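To start, the structure under review is shown below, and the notes come after it.
The chains carry the letters A, B, C and D, assigned in the order they are written, with residues numbered from 1 in each.
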C-alpha cells in the first residue's frame, strides 16, 4: 500500500476576491480532507489573478473522487475558477525525446531508478539510433524515428501516434528538432524543453558558442514549456555557473551539461508533482 | 495615508489536526478580512506541529483589532494555539548594539534610508565611542556604554534601562560582548546576532582565523537568535562565498564582511515582517 | 612607509611563442625584482595571443623605474609586446558619475573608507543635485552638471574639463545618461558601467521591467567597459540572484541593487589593481 | 596520436626566494619546452613556501623525459625543491571504493564515458554485492570484499593486494568503512573521500540528520584527502545548496546527493590533472 494513495493536489486559478481560501478550505474540511500543504499567490493585490495549490489527503480517495469533482464544480463556477484535481496515485507517464547528447536523458533515468522521479518513463523517442542500448538497459521502449527535412511531417505523425493517449508529458532532453505547432497543440503546457543558455540571452543555435563570443562570466540553462515561438515559452527554472577567460567553447559545453541536467530534472519533477501553473507567458511554481 | 494601515499578520502554531486552515480562513472572511498572503507548514504529516502565517487587510483595522483579538481567542483556545496578530502600521523599534566594526550597522542604516527596512532604529548602543559620528549623522541616538569585566553587570543594567519598553528587537551588529542570560530573558527570540562563520562550524572567537587554519574552500555567515548557549541559538539565515588558497585571514575577513551584512539585514527584515516562527531550537521562515 | 611602495605590476599581451615567460622572468630577476604573483593565459595553444600579469617587488622602485621601463622596451619590441608597468604606489584616481540612485556610489564610498578600495575618489559628478550632501560628508568634491537633450554636448564638455588629466578611471555608478563616442575615446577601456541585467539579456532601458515581463527565475547585473555600442562592451564581471513569481518589478529592483553594488565594486577594484586585460570585445581577468 | 602525448606537468614546492620562476622557466626554455599554462602561489610574501605548477609541451617527450628529470634535479637540489613531473600520456589508474549508495560511483562512470575524466577506472571494490551489475556493464572489474568487525583486517589485506601497484589513486565514493592508517600510508595524499557535510561542521556519522537537527539553512559536501584523523584531512573542494524548514532528513539526503557527486567528481579530476599540492593540512588547487 502506497502512502500517496489517498493524496490529491488541487490547482486553482481565478480572479482574486475575498473569501476564496475560506471557501475552498471549508469545502475540503467538509469532505473530510486533511490539508497537508497549501500555497497561494495573487499577481496583484488589487484585482489580480489568484493562484492556489492545495495538497490534501482524503480517506478512500479512490471511491470519493468523482463526487469530489462534481461537488467542487458547484463552488468553482460562481468564482470563475479554472481548476483541476490531480490524484497522486495516478502516476504520470512521460515520453523523452532525445538526439545524441545523453546527459539529460541519463539524469532522468538515474533519478527514476533512485526513486527521485515520481513518474513513469513510458518511452524514449530519438531521431538517432545511438542511445538505444542505454535506454533498453532500463527496460524502457526505445523508438528510432529518423527526421530529415523531407520526412519531418511523417516523422511527427509517427511520434504522435506513439505518444497520443499514452503519455501526459513530453520532455525534450536535448532533442535537436523543432516541434511543429500541430504537435504543440496536442500537449498544451505539457512539453518541457531544456535550452542550453540563460534565456532570453542566446536564443537559437549554438548558445555556448554565442556565450563564448560575447565573453560572459556566467553561463546558464533554462527549462521552459515550448510554444510556437522558439525559446520564448514560459520559463520554469534556470540556473547558472561561473566561467572565466580560460574556458573555451568546449569547456562551456562541459560545464553547461551539468547545469542543464539539474535544471531539466527539477522542472520535470515540478511538473510531475503538479507544482506549476502557467499564466500568460509566465509560470507560478509552488515549491 | 499608508497602504499598510489596514494590514495585519497572524502567526499561529499548534498541534496539527484537520480543519485548522478552514477554521482560521473562515473566521477572517467573516470579519471582513481579505487574505493577501498565507503560508503554512507541518513538521510531520502525522501528529506534528502546525505553523501558519496569514497576511490580511481589514478595513478600519485601527478600530477593529481589539474585538478581532478577543473573538479569535475563542477559536484559538480549543485548538491549543499559540498565536499573535501583528499590526503592520505599528512599526517595530530596534536597538542596534555594535562595537567597532561598522559594516553591519551601516547596512541597516542604509537600508532604513532606502526604504528597505520596515522598522525604526530607535537607538545605537556601543561599548566603544568610535561610531558616534556615523550614527548621529542619521539623527539616531548613540549611547556609549563601556564594558569591562568589572563593569559588565552595571553596563548591562544601563543597556536594559535604555531599551526596556522602548524597543521590540535588539540586534547585535558585530557586538563583541556576551549577553547575559538575564538580558536574554527580557527579549525571548528577539535578539538577533550575526556570527561570522557558517555555523555550527567555527563556534566562538576568531572564526575567520579558524577557517583559514582548517583550509576550507567556502566561508559563511549565520544570523541567529541568541540563547544562553553561545552561537547555538535558532538559525534564521546563512550564506556563503567561495574562497581559495590565495586568501589570507585578512581576505577572509574582507570577503566575509559582505556575507555578514547581507545575511544580517535579511534576518532583521524577516523578523520585522513577522516571518519567523521559532520551535525548539529551529526556525520556520515564511518567505 | 607603505608596504606597496616597491610593488609594481607588469601587464603584457603579445603573439604567443615559446620562451616568453623565461625571457620576462629572467629580465625581472636580473633587475633584482622578486616576483610576488604571476598569472598568464593563452587564447589558443597553437598560435594564439599570450597575456601575462606579473606582480613584483623591486627595492628602491622609485629611483629604478625609468631605467626599468627603458630596458624592458628592448625585450618587448622583438616579441611585439603591448605592455605597461603600473606602480602600486601611484594611486589611481577615480571620477564617479551618478544620477539619483545611490547604492553603487555608497558602496564605493564605504569601501574606500574601509580600506577595501585601493584608489582615490577624486570627484563625483552628477546630473542631479540630490547626492551632494552624501558625497561631501566624505570630503569629496561634488559637481552638479545638469543634462538635457539641448545641453548634452556642453555638459559633456564641462565633465571632460573636470576629469581630463585628473582621473585615470571613470565609473558610471548608475549614471542614466549615454556617454558620447568623443568622451569614450578619451578613456579607452577606462570607463566602467554597471548595467542592471545579466547581459546580453535585457539590453537598454528598464531591464528589471523587461525581466519581470519575461518571467525569468534569476536576475543579474553586469559590469563592463563601455564602448560606442550600448551595453555591448567587454564584460568584466557578472553575478545573479534567484527570484520567483512573488517578486514584482519593485522587488527585482531591490534585490538587484545588492547584486549591482557588489559586481560594480569588484570590477572597479580589479581595474584599480591592474587585473584586467582587454582583447577584442572580451576581458582576461587575473584574480 | 594523442594531442597530450608531448604534454607534461611540473609541480614544485620549496622555500620562497627570488629567482625561482626565472630559473625554472629558463630551464624549460633551454630544453625546448613550450609553457602552456603556469600558476604559482606563495603562502607568505616574506619567507613563506612557494608552490608552482607548470604545464608544458616538449617535442618527443617520450624519449626526453629521463634526461629531463635528471637535469632538473641539478637545479632543484640547491633550491631545496620537492618536485615531480607528471606525463599527461601516462594515464592515471583509479580504484573506486563504494558501498550501497551509487550516485558518486555513477557520476564517475558517466564522466569517464563522456570523456570528462582523464583517467582509467581500473576496478571497483565494494563491501556489498549490490552494484556489481552496474559496474560490469561498463566492462570494469568489480570485486566484492565483505567487511565485518572480525574480518576488517583480512578484507583490507585483500583490497591492498588488488590495488597495490595497479592504481595511482583510491577514491571513496560513499564507502562507509574506515580506512586503516596502514592502508593510508600506502597512498599518501592519494585517497580522496567525499564527506556528506560542509566540513568541519557535522563530522562523523549521519551528517544530514545532524544538519536537520541543528536547523541549518544551507547544506554541503566536502571532498578531502583522508588522513588518520576522521574527516579532518586536507580539503580539496566544497559546495553547498540552500534548504529550508520544509526539508526533512530525506530531502537533505536527496539534495545532498547532487552536491556530493559534483564536488567529488571535481576533486577527482583535479587530482588526475595534477592540480593539487598539499602542505600541512591544506591544499593549493591550481584551477
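Keep this in mind: a contact is a pair of C-beta atoms (placed from the backbone, for glycine too) under 8 Å apart; a residue touches a chain by one contact, two chains touch by 3 or more.
These numbers come from a predicted model, not from an experiment.
Chains that touch both subunit B and subunit C are the following: A, D.
Centroid distances from subunit A, each centroid being the mean of CA atoms, peak for C. Inter-chain spacing, taken between the CA centroids of subunit A and subunit D, is 37 Å.
Inter-chain centre distance (subunit A to subunit C, centres taken as mean C-alpha positions): 42 Å. Shared contact sites, meaning residues of subunit B that touch two or more other chains, are absent. Looking at the complex, you find that subunit A touches subunit D at residues 102-103, 106, 110, 114, 116, 137, 254, 257-258, 262.
For subunit C in complex with subunit A, the residues that touch the partner chain are 41, 198-202, 214-218, 220, 234-240, 244-246, 281-285. Across the complex, subunit A meets subunit B through its residues 18-23, 25-26, 28-29, 32-40, 42, 45.
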